[in-house]
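So that you can tell them apart, the chains are marked A, B, C and D in the order they are listed, and the count of residues begins at 1 in each.
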């Protein structure tokens, strides 16, 4: 099964890039929350295409309709259906059938998966466009989590060869709200310009570029998650890896642990203001799959957009022979700025699901 | 919920390090498979402690009892209960209560999670010991997958500062069965000795060391997995991150994608013996969350064992004050050789779950 | 969680009676089935109100939009979103707030469940109107099952004091397709007129009337279902009891077993045309939770519609005192004719879910 | 999948009648509850065979081992593994292979389901013996629910032709604890003797007899359950129908609704001691799938034990021909007294699962 997620908070995602709509059902959302629609739309805008030369010039209305589960501006506790109509479908850009399968895309695997019956147009079910629904759902979750003091911040930690500082050494108490206002959010002042230059360079070369997004969640209580199959890392990574471009996820020191010794890796415990804390946070806020009250920090690797304007070698499904492919249309040389709000949304969804699970134990 | 996994093949893991037993229920396993118990026990032996100076000298019988679901040496299709008695419980090594919470361990988070009622002895539910059940369950899955031509191979790609070659550039057709016979399985001849030296060095320093395990699955058909929430990456990472020591997971080029351009990252398609293949495999065998028929390749970061003999700073839960902790007992300076069969087992479980899901679509 | 169902075939239902829409996501539906939209609409029409004096005069367009998961008239294997706009919302009929809670309705329980934030208008999430989505989803499932030779037939076995014959003694080989054409489908010729008379009698008395619907599924292979938690009876009853009016479910002899002896109750096995059959079918086609190849037969009790025009005693939520309630608006004196296609749809959904599960074992 | 149940509280049942053991994993049980083992064993004793002439003379030790999840007599919040060894396996009573399939049993369907590899001995996975695990798990749940004021009472409402009064008209405030002390628990004094006579009569005739068990749950708050797929009725019936002998389930007036009018069926609301109540309880405490604070009342039909000493017509699987079967061994002429604690246990499990779900919404 492909399209449902969660145990306490259940998401059912649906839609294809060129179907009539995309959307999501959010089941189990807390009742009574007043939705700040302006802020939700601001999150949608961050993910929307057409913001700069770094991203596709394609325009998408991305107007989410809240068809159910909301009354008088408040969540009712009943399933929320968020529908986003597809309006700007220029399918001719994508050719007249899934014949020349695009490298790095899911044209081929989708064809096999669905026995040739798939809605392949514009990436079909695999399109990054489906993440618009996730951003809308995640924005709801973020707003609820904020009422509990939970904050989620992301920045681009790497874009091509340009590397930013890390939340691992940043001040968790700082207010990272400003990151949301940057097109290329970075911790190090001015670094966004270097990143932009590198991305534009890729664009000029009719190419695309990858990167790393780092995320920090503060304000979480200790005790979320569980040992083994529902570890915090399991649940968050499960959702992160559902984003088509994500190919790596690491928590805390992550792959850096490989070269560390236990004496360096262990985070010593200490008392601070009557509360148990760790004096370092290599674990990324998670011990044994459960939050320890320190900021949860993780990074995810984002592959370069597979749609590039260069000629590529591929195969014709119809002829069954080698072929050359040239992708026209409008694409993102660098998906990272648009991926940031998606990662934030995903995180909010995963955290709220764990929060509800924890709540169910408080009895 | 913490202890169940899977949709078509369901695992329920249970037990604590110092409870009477650990074990697992495997529900949905195919009927009629003859179990090769000798090979299953060989896998158990690879995970067992006491094999070398690199691993704890603790002895564990690790004798799995198949209480149900097996008749005349064959699986019956009914739930399989695998029970492993805990016989060698030297709890005195662990002190007389969860007071001084061990850095890097789940003593504190487990205490919060279970409101102080947890079975904390020897790591309780968080103990790496529970992975013995996973190895037994995974060995069953591997044996079944082999009947379909699926093979799973792992090697230690990094241990401390020593780095091995990668499956990314290795010959997927080669027979990597020999890796199972090595205590420190590596692709590069002789590198295991360098790794051993580094691990022993950590041991001498009363310390531990981390690393990276790389895994390759060959023989998979295209079409396993699904877009979004049940992507191959989501499902495999979910299980991998349930292993207490795993803190990072990447597929194919993984974090290496960050510095790549699309033109490098995309895997061109080609025809080979009438079959569609890719000429490179940066995607690690997965496009859009679905296998493309190429080897599935991933790596996971393994943190250094948190149990070290050095003095560490911590907090006394009972007194609520700073304290110094010295961990006695027998521990693993380098968990990697024992983690390898666990990663293989996990992979087999995840793959069989996806295989069954796919089977359910063939109608 | 309230709104998702299924393991291999997942449904997520959403919407409220007076929200903008109702609908359902169907995930896991087989790819490549050509939809017979005319027949699907015919099923919708059977459930639609306004067909006779027995049912509410309310008009609902009930036009299902297939927003996703269908391409060129065929299912794609991707999630199918069926949306039904609410057009004929005469909310004024329902009063101006959930104050006087309607006996037999979910006004009060919904109010508690959702902490007073629920969309209460017209029954909200509890409205029978949501079954329109189920009929649409079930019609898809029925069409697929028919390609495998599975047929589902229902009749009204009881309406008030009028009782029809039973499938238990009917010829399972007979063609019961004609039942779909009857407003009050019965096995015994002419009995529908007696039932109609009794229903009209209730209508005249400003009252409503209950009944029993019997269902038979033929063409099922032996082997669907499972012992214990996923027995055929468990799965079908789970779905049946989600229909607001259903308050009882029995399989085969059902409650009649209470007065039977084992020697009467047991169905003797016999060979027929080289196939194992039973010579009676008291078990309703299910032994130990698994289909035995005989017709699956069950009945469900349908309570009288709670909306009646008579004055009723209730409580004012706002004042917290006893009050008298008079329900205006248009309601169904007898919901049975409209419930029949819902029960058929539910059955088709449950059967397809079990069918897929079974398919996943054939390896 | 067959063997897992629940969303907040997860059960995984395993074992076969003649395997080495049966048992259950209970995951998600609240931490910190002191187990009253004497009362738990009393529940086990009620289900145990050999209590009277009405039940099989077979002896089963039924000694549950709590292998995990309990420390110092308290639940730890970690998965609880309850194991019951099979000691008294007289398999010779059951013949030397699944050849002559027993009418009313799952010999045939299990054979098909598991492709001939099933552990068929003594009913295998289908044996009523597995309910011993359910009783143990349910006893834990009951003890927890009692701390919240929830009580579960059952009586035999019908045995053959003898019918008892109903909880529908009984005083919900009364203390029905005495029912647990009766071998044939009834509301009407002396009726148990009539029932016993009827059961013994069946026994003399080498036959068995069915019945109806009625259950009432008091002390539940309003707000448990949900509309549609997780209605109280859906969840309870799902579990009830997993008990091999249960073939019918009805809530409140149940099938009696068929002959009722809405004006009779609706339960008027009223204020009582500042609380909203209904003055009748035809709905069995559930409106729109959600508890309304009144007692939850349901009945389930129990079919006569299929194992009878009379000659029966069946088929030989091995020869593929008609055959005559004579079942030797020790069986239950009337399973009802042993089924009562199973129904109570099932109810406690379902209620605790819903209770935890509700708890997860209180935020």
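Just so it is clear, contacts are C-beta pairs under 8 Å (C-beta built on N, C-alpha and C of every residue); 3 or more make two chains touch, one makes a residue touch a chain.
Computed from a predicted model, the values in this text were never measured in an experiment.
Chemist: With contacts defined as at the top, give the pair, A-C or B-C, that has more of them.
Modeler: A-C
Chemist: Relative to chain B, which chain's C-alpha centre is the most remote?
Modeler: Centroid comparison gives C as the farthest chain from chain B.
Chemist: What's the distance between the Cα centroids of chain B and chain C, rounded to whole Å?
Modeler: Taking the mean C-alpha position of each chain, the two centres sit 46 Å apart.
Chemist: Which whole number of Å gives the spacing of the CA centres of chain C and chain D?
Modeler: 26
Chemist: Approximately how many whole Å separate the CA-defined centres of chain A and chain C?
Modeler: It comes to 39 Å between the two C-alpha centres.
Chemist: So which bits of chain A are touching at least two other chains?
Modeler: 1-4, 7-8, 13, 28, 31, 77, 113, 125, 227, 357
Chemist: Considering the complex alone, what residue numbers of chain A touch chain D?
Modeler: Touching chain D: residues 7-8, 28, 30-31, 77, 227, 355-357, 359-363 of chain A.
Chemist: Where on chain D is chain B touching in the complex?
Modeler: Checking each residue of chain D against chain B gives 1-4, 7-8, 10, 12-16, 19-23, 25, 27-28, 31-32, 65, 67-71, 74-81, 83, 113-119, 121, 124-125.
Chemist: In the complex of these two chains, what residues of chain D are touching chain C?
Modeler: Listed in rising order, the residues are 1-5, 7, 11, 13, 101, 103-106, 108-110, 112-113, 125-126, 130, 158-161, 202, 205, 207-212, 222-223, 225-231, 233-235, 237-239, 241-242, 244, 246-271, 274, 276, 278-279, 283-284, 286-292, 301-308, 310, 312-315, 320-322, 357.
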